[in-house]
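Notes follow once the structure below has been shown.
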Amino acid sequence: MDGSLSIDKALPRPLRVILRGVGQVFFCCNAVTGLVFLIALYIGGITAGLAATVGVISSTVAAYLLGFSEDDIDAGLYGFNGTLVGPCLFLFLENTPQLWLFVVLASVVSTVVLAALMRILQPYNIPASTSPFVLTCWMFMIAVYSFDMFSRGPVLPAPAIPAEITAASAVPMEFSAMTQETAVAWLTAITKGIGEVMFADSVIVGILFLVGIAITSLRGALMALGGAIVGVVIPVILGADKTLIQMGLYAFNPVLTMMAVGWVFLKPTTGSAILALLAGIVTIICQAGLANFLAPLGLPTLTFPFVLVMWMFLFAASKSKYWAHTP
Amino acid sequence: MDGSLSIDKALPRPLRVILRGVGQVFFCCNAVTGLVFLIALYIGGITAGLAATVGVISSTVAAYLLGFSEDDIDAGLYGFNGTLVGPCLFLFLENTPQLWLFVVLASVVSTVVLAALMRILQPYNIPASTSPFVLTCWMFMIAVYSFDMFSRGPVLPAPAIPAEITAASAVPMEFSAMTQETAVAWLTAITKGIGEVMFADSVIVGILFLVGIAITSLRGALMALGGAIVGVVIPVILGADKTLIQMGLYAFNPVLTMMAVGWVFLKPTTGSAILALLAGIVTIICQAGLANFLAPLGLPTLTFPFVLVMWMFLFAASKSKYWAHTP
Amino acid sequence: MDGSLSIDKALPRPLRVILRGVGQVFFCCNAVTGLVFLIALYIGGITAGLAATVGVISSTVAAYLLGFSEDDIDAGLYGFNGTLVGPCLFLFLENTPQLWLFVVLASVVSTVVLAALMRILQPYNIPASTSPFVLTCWMFMIAVYSFDMFSRGPVLPAPAIPAEITAASAVPMEFSAMTQETAVAWLTAITKGIGEVMFADSVIVGILFLVGIAITSLRGALMALGGAIVGVVIPVILGADKTLIQMGLYAFNPVLTMMAVGWVFLKPTTGSAILALLAGIVTIICQAGLANFLAPLGLPTLTFPFVLVMWMFLFAASKSKYWAHTP
């Protein structure tokens, strides 16, 4: 890890800032980790990689031009929202040339939203995290209904009144019969869960993300893995949609929640690890709730379940005599 | 009243804290009042009483374990949200053994949400009141659509696009002909309105709640009664759904609003009584508005109309030279 | 301009305060400007003019009676939300005698909401602007579904799940063929865009509003005009609904955003003019997004897109070393 940090410091500043921006998607202020993430994204798909690159550069350059804090920019804090905006819009909207313009504009807007939220949360010393990415992408994706120039892609759910799910009869993930086949299904769901943080429905991308995190922090990687496991086990117990579980779509939010609560923002103790587990479980319920809340609008939850639960636990931490924020 | 407070102080601490938690549903930091409320709940129904008991204990114990303020815990402030979470989930979701686990988890979550909201509202010196109960129950109830393990009960409204009501032709509550029959209908609606604060569709429970409040404060009981009357008279004038009015479902929110504005949080003067009346009337409109806002999601308003209007008046009070917050 | 301010100061206080309240709809603390706006409103329609008059008087008198800051009242800050509440309710709800009572109550409520929001935003030194008008009118309009006493008018959109627009085949506004006819269409859309800030679908009212603003500030009038142009050009490029564009319904929000960002709240420099342009463009996307968000509820966006984007830019301005708030 120290080795990767010396490489980080040796890089030319613009490159370091951009790569740290990518790394910050998983809270890693480390250009080497960012590089591993970026390579993984390109492996997942050229368009996703390019869109992330355009996003991280647009949002970071916008922060310079608008005169926001140099320290924050150097830490990559004005990069990770743009990194997520790019692949998000290319996944959910129809892939057209003009979509690149939309990505640049949305990345710039995410930078303004981040500065605004930093100001709002400043008296509380609470991070905005990925909320600017979520709010900006929601706004741009729901606006598209009204414009001929852009279209919703097939991945976006059609808007509909929420309805109770009907239990899939053929359930491939059972606790009872743990054959080799089911073991593979579990491992697939867990690794994809890490990959889906950046919209990658891919085992290899998920594994590379985990490696990248481990380069920065072993505890961070353990929390990510724990979150992914929680994000498969708990929805299986609750009886959630199997297709969603197997794609890792219940797991990417607890991955981030457990990293935030158990590693980044609270003192890394056994206590905060237990809290992280509780927060991860609550994230599953929040994820299902928010998905149904957004159903009439035809929008995905993105990482907002993580943001809400993280905020809840970090605000509450200020009122506890046991929990402590990291300095 | 002084008598009840000496009993309150004489009780063993764990019992006192739990009963005060029940009492705080109506802002009463008084174990005797809490006991009256709890007995009333059991009279209303064994399940509701048990669920409230499990809820108040879970949320209070969680507050101890998580290290939140001992003073707040002793005052019962970490108990009343759990008290409401229990009967709420048992009323609106299908009654199954695993629902008890859900109630315990939701009560613990309501404690974390309360600590978070206390921190957010701290610079303004404004109470979170029942908002943690509402937010937590909304999240758990809307999540249930996605899980096979739990089901929505028949009481929850089906999700639907809001539509204008059609006036019920046979109207049993008229101003013109005040016969004995209509007098009974009015009294039923008013007392049930107080009972519905804790989901009790029962005249006797409503009366017991009023008695419990009067043990702590006569002004408090008068405000509760005033709120219940406002919650029947105003919707009748506006032409709201008669079934809802008769079940007291327009009244439980103004009951809480008038107690909060006219007794608990502002200096108890004639001025604040008039303000409480205005706040009570506004609560009716807010109640109808929020119900329609939530219609596409199939969620009930719970006590959020009260929370919103109370916040509105308490924040505004800080800008007035006439209103004064109680110390 | 100095002449209009001497007239403003020479007026009897009650008249000055009321007229300034009308003027503040476009950020003009100037009774002469307010008078021009009010005359324009009456020209647009007697009912709209009367409703605005009742609204501004109700909200201002309520502020006096509730004991809010005399300085704020004198500046007309407790008047402009009421000015907007009146014509809004008369445009969107069925015109009945009892609607006047609803307007008075809603105007009073908008005053309480304003005081509450002022308190919430006080630590950040950010204005509440027209958000009390929007929140109050949304609450009153969505409540009406539940009451027989009031009805939704034909102008309010029916609640519906959002759907992608189908491009109007016959497009009267083309960049290519700039004939006299299309020039008239453009000018109509731009001037109506200014008129629609106060719900006036009228070219002459829009022009009078622009004149009124110019009496107070030339930069203000330029920003308003710029916002109206942005509110026609950008939706045409994006391929938005032509009928909405031609009625100025995409333009009234950027009109306010550009005035707020480029004239009122940030230091009036070239930099803030460029920022205002960016904010104006973002307002279009926010407008479309919010309209679709509100579709299932059958509510119009009113001026909330402006409020959201203005807040975003003003909060962000606090984090920039280039932008500066006006004192």
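To keep things simple, chains are lettered A, B and C as they appear, and every chain counts its residues starting from 1.
Everything that follows uses one rule, which is that a residue touches a chain if its C-beta (ideal position, glycine included) is under 8 Å from a C-beta of that chain, and two chains touch if they have at least 3 such contacts.
Values in this document were obtained by computation on a predicted structure and should not be read as measured data.
Visitor: When subunit B meets its copy subunit C, do both sides use mostly the same residue numbers (more than half shared) or mostly different ones?
Guide: Copies use mostly different positions to touch.
Visitor: Fit subunit A onto subunit B over the CA trace and report the rotation angle, somewhere between 0 and 180 degrees, nearest 5.
Guide: To map subunit A onto subunit B, rotate by about 120 degrees.
Visitor: So what's the Cα centroid distance for subunit B and subunit C, whole Å?
Guide: Measuring from centre to centre gives 37 Å for this pair.
Visitor: Which positions in subunit B are in touch with at least two other chains?
Guide: Only 123, 161, 296 qualify.
Visitor: Report the residues of subunit B in contact with subunit A in the complex, numbered from low to high.
Guide: Residues in contact with subunit A: 66-69, 105, 108-109, 112-113, 115-120, 123, 138-140, 142-152, 159-161, 296-298.
Visitor: What residues on subunit A touch subunit B, complex-wise?
Guide: 123-124, 161-165, 167, 235, 237-241, 278, 281-282, 285-286, 288-289, 291-293, 296, 311-316, 318-323
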